[in-house]
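Heads up, the next two complexes both have subunit A, just with different partners, subunit B and then subunit C.
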Partner chain A sequence: MSARLASIAFNTFREAVRERVLYNLIFFALLITAASVLVGQISIGIERIVLVNLGLSAISLFGIVIAIFIGIGLVWKEMEKRTLYTLLARPVRRWEFIVGKFLGLVGTLVVNAALMAVGFFAALYYLVHAFDRSDLHLLAALYFIILQFIVVTALALLFSSFSSPLLSAVMAFALFFIGSFAEDLRAFAQMSEGAARWLTVAAAHLVPNFASLNVIAQVAHQQPVSADLMLANTLYALFYAGAALCGAVLIFERRNLK
Partner chain B sequence: MQQGYDAIGRLSQMASGATTYVSGLSFNAAGQPQGFSYGNGVAATFGYNQRLQLESLRYVNGSQHLLVADLSLDKQALPAQLTRRHLGAPTPVAHPSLPRFCVKSLSGMPIIEMNGLSKTYTAGFWRKKEKFALQPLSLSVEEGEVFGFLGPNGAGKTTTLKLLMGLIFPTAGSATILGRDCGDPAVKAQIGFLPEQPYFYDHLTAGELLDYYGQLSGMAAADRARRAAEILERVGLASARDLALRKFSKGMLQRVGIAQAILHDPKVVFLDEPMSGLDPIGRREVRDLMQLLNDEGKTIFFSTHILSDAEALCDRVAILHQGELRGVGSVADLTSRSRGQVEVIWQGASAVEAVRALGGDCRATGETVRALLPEDKLDAALDALRRSGARLTAVNPVRSTLEDYFVERVSASPQEVAS
Partner chain C sequence: MTASRSITRFFAALLVLCLVGSILTLRRLDRLRASATLEEVLYLPSARVLRYLSFGYTGLMANLYWTRTVQYFGRRHGERAARFDLLPPLLQITTDLDPHLVVAYKYGSIFLAQEPPEGAGRPDLAVDFVEKGIRANPDDWQLYYHLGFVHFIERKDYIAASEAFRRGSEVPGAHPWMKVMAAAMAQFGGERETARRLWTYIHQSTEDQYIRANAVKRLRALEVDDAVPRLEERIRLYHQRTGLWPESWNQMIVDGFLRGIPLDPLGLPYKLMPGGRVEVQKPEDLPFIRHGLPQGLAPSLFAVPDKANADKAKEQEKQ
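Let's look at the complex of A and B:
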């Protein structure tokens, strides 16, 4: 990784931290503490399932919201505030700026998720007083959550490279929402006929498949995550995010700054 | 008095409207320039407070031109500002309060070249309406020059700078800096840029910002720390090094802007409205800093709509209006053009009527009378003064200012500009 990429990524991370993005951890801490106390009292026998569902969903959702809200501003804000002027007047290539920003935000999300994961495991230990082997599957679910962040961040950056923050946010959230039902969309596509079938099949395969990146329910029931799925999801997420980033770079390379 | 240096150059603001060649500068025992002779063989001596600093004067050996501008012949007045062109290593003036006698080297090598550079924006729903932000512009700026890019607001100055910085792309034409395409990263390592009303990452401190920009410019860690401290000191922000930029005033941000532009010791510095938003002291400081950078050999290209700044700093100016180049010229030439009038000052109110009769516009303050009259009436006026026994104090040709030229160019019709 070039030194410039690392500098841009680190500055993005530093900006997020100083803009108090990590404050969401306080809410997460409150949520997981309250949940672990309450769940223990109201759901006898299924405490673990409820806590895993709640904890991992919260880690995912908090991260996705941050990825979208920061991601859509990554390029736009620098253009609007014209901080990009002094940056691009240096020997920084435009693709380095986009990729550096991407890496910085993904880094922020990974750190954020790691801290939440620590809280989550602490709550889990508090509730069940022991860890067993099947808890390793939770790490697989966390890994998939990170993959989700990578895809969402790349998409937010793509939208941010050509549209306003509001529109970018709407598009990113819409894609995340639709993508979370990608499996249903694919099933629906199989049922339709004629031209509609082609359209729905294309749409179902174009939207990011967040459904397959979500194994929270599965690991909550202590079912393993196959190595094949890990590999397939990794390749899929990297390919999808890579394509979105390429799009962002292609658009940004040609863009006239205002 | 020793006639040591053989400085040959043009001395402007000498006689009425003429550009005169200095044929010899004379120096006193301390080595300070004491006087000079010019074209018609008349020698002149600097007044007691017109001594110039030899430290800033360099021997000229085979130079193609040595330009001395704005040197007043009036004994009472200080030689306001002398622009420098010479072939030796530049040296900063030791005592900035004293007038500078500056001699500057110009290799004649173009550092910035624009060839038909233009920018058109499309507007409207179908993007069919075209708006010229910059008409095809061809300009070249030489090494070591301070080049002023003048124009009213919206003239296309910022557009040109953004094109040169690769922030926007030209519709047609091209530009090179240091002999390479202006978008080349190798070029960008050697240029500095201060945008108009700069804004920086407000989550960083001034020190962190410079460190970040130093990294992006490919500077080594040790260099970055040293240079950042040095530059902050230079722009007067040493004490604000650890202060978050969000707490900076507009003037301080402008200084940080300048600091980041010169951090990596660039060869060419581009400044977009460097004095805007600054108070008179701040403006003066920025002007001095720009002069100092130029003394160090940097080429400076800056845009402004404040003509006095341009007149004080620039070797050459270009005037842009409505996206179109309206004129280019050397400041010394432009400001030495005669306006066909002379200013005559004398003691003794009795001659007022006689001078008024010659078409003079007289204003008396006690015994001192100041009159503006047409150049061709000067002899008659002097005769009148002599007859009335008035004591002549000064005769000064009235020169064009940069403002005169600016207004003339901006209000010129396109046909006039073309001719």
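Let's look at the complex of A and C:
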């Protein structure tokens, strides 16, 4: 089983690389280089803050765009090219296909983010000339970004298991947008009353909480990220992605592929 | 049981487990990040930065910040807090993002002006804030009303309140009571000539019977407020010249200090009191007067003078 999963995951990674996904690294390199050179000339005192905000936001956004656009096509493309039938004719179960695709895309995103992180730290070093202990908080923000990728990839796969690529992309982006304001949504829920309260509470718990996974502004100001938050966010992202992935598997298991 | 069915059952169970797990961890996250929404505001204190980040959806962002403002105020108010440090920047960001969000100026000025724990206790900031709203929305007469309200209730600056109500009354579509408020404030603030001008204009221009009747009462009160100090001055002059306090108006008429018995606007003679004081006979029929009240009664802005108002005024003076 693990060999089959690894094989599907590796092939997904290879396919993503073949689709020139990693070209985004060139844009990222240009952006971060330009930012580190220019920011000192156009602002006073906030060079580091701007670079951290810009760099980490770019890593996050680039990854999310890739996760959605690649994720929504993972199932659909295999069906469109009819390669799925060849694959499922072998001793590969449908759930292995879904989970393998998920692991492959998450792996691609992690490699992509890691390469961008190297560029980001190089630019930061160029700007500040030395790292200090508080820069370790940046790693926490990067870790949370990877947790975001895990959730978004699972959601993209869930939507692609029953919908067209376009609709899946729209739903995934909408959910990402709403999830970025998840804490406000829960605050609205607390303020409403009656049936509206129950509905908003239910919605607030079903929408992914991307707000708590975004600590970029906090680490830009060299604020620490608590171990409690890291643990809770890790559990949350794994549970949420797990639920979305289970949903994708259940739908795909019952899907008529004829 | 087929392999497919067992897989379905396994993943269905896992789905439920993961959902429950995510909800439970979400609750933990909420506790960990109870004030995160507001802390983020500190990191983004510039409306200009937020405008860029909102990709042009500034209205939506302003609505979000207004909601956060209300949440922040509600939370601090619930905690009976003495300080509302984030309130001014939150209000500024909200209205910088959407200068036409009139509701933010109206309620924001109240939040800012009231004394803690009811508000931030910053009427000066409230005045600046509503003035900002008026600059952005000069056609909204209600903003002038709120400005006048802050001057009147929180700053006790009746002249400034009168000016705010007057400016608002000139906005097309303004409620007729804006003129009434302007006049009432001017009268209470001691600006009798302004008040007389405004009440006369209201009396002549209004078609509302109640407002007209009110204007008549106000003009009568102004007449009393003019007459009583003048009469008391004459009595003091009498005392200086004769060394005695007059016992009746006739005594003053005989000695050439008055031409006739002075009558109040109701046609009743003023009462000459011991010590040179002058009072009206029926204070209950002359509301709003500030002079000529029987001892123990305090002037009232809106109601007929009464004992309760007198006690309240004394208490305020002590404070």
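The working rule: the second predicted complex is superposed on the first by the 256 of 258 C-alpha atoms of A that agree within 3 Å, B and C clash if a C-alpha of one lies under 4 Å from a C-alpha of the other, contacts with A are read in each partner's own complex, and residues count from 1 in each chain.
What we mean here is this: a contact is a pair of C-beta atoms (placed from the backbone, for glycine too) under 8 Å apart; a residue touches a chain by one contact, two chains touch by 3 or more.
Being a predicted model, the structure only gives us computed values, none of them experimental.
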{"item": "Clash or fit, subunit B versus subunit C on superposed subunit A", "value": "fit"}
{"item": "Touching partner for A:Ala174 - first (subunit B), second (subunit C), both, neither", "value": "neither"}
{"item": "Which of subunit B and subunit C A:Glu19 touches, first, second, both or neither", "value": "first"}
{"item": "Partner chain(s) touched by A:Asn11 [first = subunit B, second = subunit C, both, neither]", "value": "first"}
{"item": "First, second, both or neither for A:Phe239, with subunit B first and subunit C second", "value": "second"}
{"item": "Which of subunit B and subunit C A:Thr86 touches, first, second, both or neither", "value": "first"}
{"item": "Comparing the two partners subunit B and subunit C, which touches a greater set of residues in subunit A", "value": "C"}
{"item": "Partner chain(s) touched by A:Ala114 [first = subunit B, second = subunit C, both, neither]", "value": "neither"}
{"item": "Three-chain overlay, vertex subunit A: subunit B-subunit C angle, C-alpha, nearest 10 degrees", "value": "140"}
{"item": "Where subunit B and subunit C come nearest after superposition, their Cα distance in Å", "value": "8"}
{"item": "Intersection of the subunit A residues that touch subunit B with those that touch subunit C", "value": "93, 254"}
{"item": "Residue ranges of subunit C in contact with subunit A within the complex", "value": "4, 7-8, 11-12, 14-15, 18-19, 21-23, 25-26, 28-30, 32-33, 36-37, 39-40, 43-44, 64, 67-68, 71"}
{"item": "Subunit B residues touching subunit A - in the complex, by the definition given at the top", "value": "162, 165-169, 185-186, 188-189, 191-195, 198-201, 203-204, 212-213, 215-218, 257, 260-261, 270"}
{"item": "Of subunit A, residues touching subunit B in the complex", "value": "3-4, 7-8, 11, 14-15, 18-19, 81-93, 254, 256-257"}
{"item": "List of subunit A residues in touch with subunit C within their complex", "value": "93, 95, 181, 183-184, 186-188, 191, 205, 209, 211-212, 217-218, 220-221, 226, 228-229, 232-233, 235-236, 239-240, 242-243, 246-247, 249-250, 253-254"}
